[in-house]
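Naming follows writing order (A, B and C), and every chain is counted from residue 1.
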């Protein structure tokens, strides 16, 4: 396909991004390049993973993703090519790879890059190494020609929701609560959380009722913003599988007073 | 030509734009994609129309324009392909099409999209439907294969200038004033108005003199910024045909104290 | 190669950039376009030169660079095509060309553009002239077909460091100081200066010690950020050859209290 994406914390005011693209086109003029975003907060691999996790499911087979956040390698963190579902992820083993893929699907088809970089001086791996690797992968070079078999070594445990039970004297569970966190509030003020659809489904199967707590309780999961009336509060699972609180054509975060540290609670009970 | 433009209110910090581009390249790797702007104020179809109206006159035949602002369809607002001067406009019949084309040139070659979208869940038509439609149009599929004949139903009346006359006791017109509005102040602080060249020409033909009122009266229409000395105030008709107040190499809006609500008045009289 | 870069002060909120790209693709659909940056401060050719100077060393042979800052021509400032190391620079002779190339390498292979622009009205040369010129150059037209031989006439003397000596009564030089300026602080808060590697090398050859003064003295030149421990202060020569003060994974400018007007001093002495 020749498609290469770039996710970074370089911003777009400086020259960094342009040098990476110039190198890519130099190696492979037929490349198509997509900017995922260059506004990742500096060194924030959690946010970088969030954005890329929402993009790769829509990318065609053969797409190569350059991850230019916190990319300098050292003896504990190698430069890797990670192969997952016919796509390639080129970055540094700084923990980000453990945040990109669904639980239980950590890729094993992984290569440590052995191809030499362009310059002696090692200050900007995305320009001096990843651009070339991505161009070669996108033009059909197999990853096994660019590196040696390796493993993802560094793993980060993403924040996960807390589960709280309350039990009656007779041992009966009175209710269960999933207590999640706000992970990201986007431009439309949709509130993204760390509550995955699989966790919700697991508990929903055991109770007759659920209620998402907030300013206004939500008692159903919508499939689209437009399922609800304009300005109505709704909950849905976004394309990365995590619970989102939103309002149809309105700014949920401000209007509901939800901030980064607001707990998002789903309570399950039988009635 | 394979050229696709995107106009949106998604910003560039989030992943939305990248998913739309990934879908386009997935369907049509030879596409060229241009960002018109992604900084349209959220849901502001007037501003979206302003930007796109200034871009399509420079676009080659066959260009496809995706309009990703306020794009969710419902029973009163269909997803349309509008054909105008060998270009295609893909968007939602939310009123924007009535703001894109010159008065009296509302296109009649219009199709309601019947091609199915990619996903069941309908939250983001630009990614789930328009990307595919644009890719197919750009690669040569005729619009009649992607939709059924339809009409633009929803029209918005753009703000238009007020015309004020003063007449003498003998019935003679003393003067005529066009009272326009500021529509947009750009990065260079050029002041764009809602006074079209055709309206100006109509009145200019009937009087010997005109004067554009403001801090400094302007008594001629320039053809270029550089017609005037540096920092001189000037008026010209921008490429979309509307009157613009500017200063050569200086910030007209701040220096003249013009704000969004300042009336822009052209007075015509005979002397 | 078909690669065209654009450096401008147009921002990305307005429609200007999209019109230039639409024209380029109209003339040459196979072009690859790179945005160097569109956030050059308005009319600031010094900053525009800084960004482009950091990009063209990474661009492949045949790349065409459009310089859209302060681009309107007049009788003293022609529109030029400047050929340097198999790349083309298309812009206006407003002084910027004297800031782009290393000392002593001012290009002599220069053409004044004689090819006609697209419109009568001359308000936006990047759209109305440079887009076409760049498309033609990128698709293989030799510059001699688009202009007549000319010279770079307007030169700006870039700010250069001051050299301060102190001499003993016996005529012996006690120390020499290079007193440089901060030219740019980037997103990572790396501090860029106007002290070139060649100037440093010239003095370093004559003394046994040097020390870069600041909050913490620096006594060596690193080759990479990662040469130093995280948060250690370091100095290196950036890819454009100028001294940069930085911290590994930390914000040098804020943490060291360096601002635009802070002098950066290198003191050389024998011990």
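As a working rule, a contact is a pair of C-beta atoms (placed from the backbone, for glycine too) under 8 Å apart; a residue touches a chain by one contact, two chains touch by 3 or more.
Being a predicted model, the structure only gives us computed values, none of them experimental.
The chains other than chain B, linked only through touching, hold together as one piece. Matching the C-alpha atoms of chain B with those of chain C calls for a turn of 120 degrees, to the nearest 5. Each chain gets one centre point, the mean of its Cα atoms, and the points for chain A and chain B are 35 Å apart.
Multi-chain contact residues of chain A (touching two or more other chains) are listed as 12.
Residue ranges of chain B in contact with chain C, taken from their complex: 1-3, 5, 12, 32, 34-39, 51-52, 54-55, 58-60, 63, 186-188, 223-226, 236, 239, 249. Considering their complex, residues 9-15, 17-19, 21-23, 25-26, 29, 31, 42-43, 70, 72, 74, 120-123, 127 of chain A touch chain C.
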